[in-house]
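Once you've had a glance at the structure underneath, I'll fire off some questions.
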Amino acid sequence: MTKILFINPVGTSDFDKPMKEYLEKYKRPDTNIDVISFPKGPRHLEYYSYDALVLPDILKTVKDAERKGYDAVIIGCFYDPGLHEAREISNIIVTAPCESSLYIASLLGDRFSIIVGRKKWIPLMRRNVTNYGLKDRLVSFKSIELGVYDLHKNENETKRRLINVAKEAVGEGAEVLILGCTVFFGFFKDLQEIVGVPVIDPVLAALKQAEWLVEVKKLVGWTHSKVLSYEPPPEKELREWGLML
Amino acid sequence: MTKILFINPVGTSDFDKPMKEYLEKYKRPDTNIDVISFPKGPRHLEYYSYDALVLPDILKTVKDAERKGYDAVIIGCFYDPGLHEAREISNIIVTAPCESSLYIASLLGDRFSIIVGRKKWIPLMRRNVTNYGLKDRLVSFKSIELGVYDLHKNENETKRRLINVAKEAVGEGAEVLILGCTVFFGFFKDLQEIVGVPVIDPVLAALKQAEWLVEVKKLVGWTHSKVLSYEPPPEKELREWGLML
Amino acid sequence: MTKILFINPVGTSDFDKPMKEYLEKYKRPDTNIDVISFPKGPRHLEYYSYDALVLPDILKTVKDAERKGYDAVIIGCFYDPGLHEAREISNIIVTAPCESSLYIASLLGDRFSIIVGRKKWIPLMRRNVTNYGLKDRLVSFKSIELGVYDLHKNENETKRRLINVAKEAVGEGAEVLILGCTVFFGFFKDLQEIVGVPVIDPVLAALKQAEWLVEVKKLVGWTHSKVLSYEPPPEKELREWGLML
Amino acid sequence: MTKILFINPVGTSDFDKPMKEYLEKYKRPDTNIDVISFPKGPRHLEYYSYDALVLPDILKTVKDAERKGYDAVIIGCFYDPGLHEAREISNIIVTAPCESSLYIASLLGDRFSIIVGRKKWIPLMRRNVTNYGLKDRLVSFKSIELGVYDLHKNENETKRRLINVAKEAVGEGAEVLILGCTVFFGFFKDLQEIVGVPVIDPVLAALKQAEWLVEVKKLVGWTHSKVLSYEPPPEKELREWGLML
Amino acid sequence: MTKILFINPVGTSDFDKPMKEYLEKYKRPDTNIDVISFPKGPRHLEYYSYDALVLPDILKTVKDAERKGYDAVIIGCFYDPGLHEAREISNIIVTAPCESSLYIASLLGDRFSIIVGRKKWIPLMRRNVTNYGLKDRLVSFKSIELGVYDLHKNENETKRRLINVAKEAVGEGAEVLILGCTVFFGFFKDLQEIVGVPVIDPVLAALKQAEWLVEVKKLVGWTHSKVLSYEPPPEKELREWGLML
Amino acid sequence: MTKILFINPVGTSDFDKPMKEYLEKYKRPDTNIDVISFPKGPRHLEYYSYDALVLPDILKTVKDAERKGYDAVIIGCFYDPGLHEAREISNIIVTAPCESSLYIASLLGDRFSIIVGRKKWIPLMRRNVTNYGLKDRLVSFKSIELGVYDLHKNENETKRRLINVAKEAVGEGAEVLILGCTVFFGFFKDLQEIVGVPVIDPVLAALKQAEWLVEVKKLVGWTHSKVLSYEPPPEKELREWGLML
């Protein structure tokens, strides 16, 4: 059995239950998924500084998940906050929506576009695409100009806007589309039928990649490298500075 | 059950049995693997023109595998010959060693080096790394100066050379190593223990990715996009020009 | 005298005569041009897999042309199929339309756009532009949405669409235009007069470059390097695998 | 008068006094400098996850400094932790050592090298160089293989190693050198005399840039843009989530 | 006191007085500014060849300024003619509008657009942006299609066009705008108020950077590197070839 | 007949006769070559500022050559001084050694190295390689540490050093070598025989390209674009400012 912890890195548990139900529809039979959020902190992460606020909680949760025997952790925000840091301090698999989405999109077509809620999100995401090494495969960012908390308010309007920008992106040369926010969950299926290209739901991309990397680790023996980028700090310091018990 | 066909795209069946045995050690329980090679043609693919010679056979085999109900095909050469073309003409999953290795390596560490048999191989492989969009994550190519048919002649010597260049690459900043030839199969395990970083065996990377993409296709519904790059030719033409029965 | 063979790499001789007549208008006086096509195979190369199908025939034809004393071969498709492979196996000059066009365009202006028949062609051509190292000089691809066999059906309509996209491209900053298909032959002259920038006809670019490289080879002694990329396979293997008599 | 707060973003005040004395030697006459550190937290930031731990404290300190009337804040770690986030939440000037050093180095010569303590630091710093847009001006990273707390243990040994790698870097084409850690303070002067090229001390680069941006803001009216990247969150949320009083 | 010479590198003194008055509004109290132009030569530099014509005069003026005790010279054309050459032959600070503007813009926001008078100017400016290493931070060039001598003819019309393209650029993702001609002086203030993002006036950017680099040189001891790019020619040759008395 | 003017852009006629004799060995039978230098000015162009000094003379000479009926002008310095400016002001073909060498090298192999006399030359040449769009095909610069006037002092020593760095470059992956100075004339032949890869002599590259572009202009009608980069200034201004009679 594969134990996966999905972190909703926000100070509200509102999304925990729907997210768990959603992930369970797409998981492997032998995967066990838990979803967790934080007791306090920002209730959304649209601003870059909010990411900063939740980073310590993300890392402590990852370290705790390792202790509790989880095989993998998913950091549930498309900015991928703390992805590299979490791999540095732990020995379990860590995935995140943006990285996962970019890689599977690259396997499914030549170039992709990323659909975001608000233009504000784009500069940080563009930086991430560059850092993952895939900026030459990015066609464009398309914004539907809706904040995180508006995406599910009027789902028909959200859908209508998604279809519009999706068609634009395909016209510009996108062969695959990526939904650039975990809160877009639920929209990909209809959209991909209407537009006729694969539409990546980032939480599913992160889930499927997490399951896969756990399997690969067990069967083949490959896991995150521990030299340079992910060279771990001494446990003594982690304990002293509150990152582990 | 997932049915996968591994194509040894050469005119000799010498590698078929050992390759099948090797893959079966790492496959999922419910995966069924067949290995096939061609009745005639080059017995190795070190020269770029040899790739050209086997391309029609690769494509016909892919199209035939689709007809026979395979879920995925693996093109077993690190030059990834015909990868894009095979995705264009078929509706099944197609993977290849170089692409698979680059993507999993990118998930396991920041930058990687590729170990090749001969320097001759490098220019075409560098072009592929660029085309897959990942050249900024490549540290270096390292050559052990042994041809394909020499890799298993004196395995101790091969191993000795691999260890040398692997250590050099890690010293240059590689966090992950990739073995740049399918015929390197069997060497990754010891090497990764000695050098202390993940060492990607490209046939296993291609196998695990193929299994995964088949699963994702079944569970989530994502598969190779069919617009632009992989827009398929008319069946009528495929038949007329001998690519399908 | 310079002997040049122009390969129409398709399974129809329909274009041979008009192509020969066209090339003869622009050749040097001491150039002798032959045009050849294949007895069977795809009648157009719009799909990437069709390129794969004709590659062995292209290479055999190149090798045969070398034996027959040709100084140069032109591979007559804007995807430049087999260009590197042909240089690997032979000692004669080999040119192709895309490479030739990009280089002469770069000498005539700062940046260029490429006009194609269908959007489908773009991803492979963009990859080639990148591989030739010139993507920073590319402004855009412009598509007139006509297939190869439609280009000469209604030449006025073709011309009308060419003028439209040409003007758009110049407005975007293109100082030179390239016609991205060999079947565009005949259109460049009027177009360049109307739009006021050089319009590169790719078959003429390939012809003039072939003549030039033959001259340079004879007078100066430079020809395709034979290390690494174009290091030739052993003749014994070429013979055994049917690439030469 | 210009009021600047230098944040030593670590949980020790050991460096506060020497840093203040050092900065005061190079400040403008009308600049007032305070140096602050945190009551708890990591005592060094060599690991990427330690950056994550101190980010909330950095941001709160920046926001508090704004309230207290500081004109500028310097984030005193060469990883530049929280630089973008601090600009997002505040209206004062924020500078950081890596960004400041890269820009002044670019004005003083064509290309530069960065000298680090340990190789571990390089991947994150390389990513920052790329994100600041200046990777084409980077010659190399050179490591002297000494941790932060070893730099001042045996200053002669540190100096000896610095001279060695500095000369190597100049031999590779570096016209300017950058010391890639704030704890290198004090070494630049001798080194630049010995090696004969400008050697950038990153805390001084950050100090001088902070003073300059404050002056430019006052005299010309330019300051960090408040659209997109640095678009600020609503004050209500900042208060609710503890980023401001 | 800091002595700065601003070179209007044109054969007319028409702009000298207004430029001096303009600069004096923004200079530091202890800065002394002189403005100089040439007795003959092109009266504007819109064409690349005009730059070539004035280069010798620029260099002689720089060398003369050094002799006369100026601390810094500003080359007053957004093509930055002779910037590198002037640094090569002299030991004083040299700045120029394009370089100065790009660097301060990069500190104020993530990406910027450059507004030009005529499209003709763009290719050379794009090359400069690339050479300064910052092309990844450039969103777009926007042209208002007015020549240098038209910018102040009808200032309302100029302003109207500036506002239009400025808004377009911000819509495309520009967080900072740069006015790409020294003759745009005077327009930045209103524009930045209307559009809501920093608008860089290039002569002020060059002035403030010059003052700053002089201060840094005096206080910290950093100045243009004298190896490789700016390695100076022998004085004997400079004298013989008329670059110095 | 094709009339070509080769400009030795220096204030000495010492190289005129040997250069003319050299070029005549490699020209087409119907080409007429003249070589010209300047009555005064720098006697070599190793420093970037010397380029600036000779630019007006280069441009006047080009404009005069046009008036006298030359079909093409070659600017004989590997820094390619004034190449773009000369194309802007004239309607004849202009070529230069660096641009010519890079393009033919790209046709002869995958990647190339450039051999220079002194390291000082490299930064400007690297910038040119980038500007011509070909930096991804550059392996390395190799310096033999000899000034222009030393290259022919002890030709055996020059040759010995050339062989050393040439072999190094090939070992690094160069498939073609370029001699990065016009004064290297005469060395390419032996070197290419010894090292076994094409060695480009830049004056011959520029000569053959000039002849070719003249032919192409006459036979096909393509010449330097006259929009944007090479949009010509008004003749009235050229006359007034002394660029034409």
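For reference, chains read A, B, C, D, E and F in written order, and residue numbers begin at 1 within each chain.
Please note the rule applied: a contact is a pair of C-beta atoms (placed from the backbone, for glycine too) under 8 Å apart; a residue touches a chain by one contact, two chains touch by 3 or more.
Since we're looking at a predicted model, the values are computed, not measured.
Chains that count as touching both subunit D and subunit E, per the definition above, are A, F.
Distances between chain centres, each the mean of the C-alpha atoms, put D farthest from subunit C.
Relative to the C-alpha centre of subunit E, the farthest chain centre belongs to B.
Put simply, the C-alpha centre of subunit A and that of subunit D have 30 angstrom between them.
A straight line joining the Cα centres of subunit C and subunit E is 44 Å long.
Shown for subunit F are the residues in touch with two or more other chains, namely 110, 119, 122-123, 130, 136, 173, 175, 228-229. Taken together, the chains touch in the following pairs: A-B, A-C, A-D, A-E, B-C, B-D, B-F, C-E, C-F, D-E, D-F, E-F.
Of all residues in subunit A, those touching subunit E in their complex are 119, 122-123, 130. Interface of subunit B with subunit C (complex): residues 11, 41-42, 46-53, 55-56, 58-59, 82, 84-86, 88-89, 119-120, 122-124, 127, 130-131, 228-229, 231-233, 237, 241-243.
Across the interface of their complex, subunit A is touched by residues 26, 28, 95, 99, 103-104, 106-110, 132-137, 170, 173, 175-176, 189, 192, 196-198, 200-201, 204, 208-209, 212-213, 215-216, 219-230 of subunit B. Contact residues on subunit F toward subunit B in their complex (touch as defined above): 110-111, 136, 173, 175.
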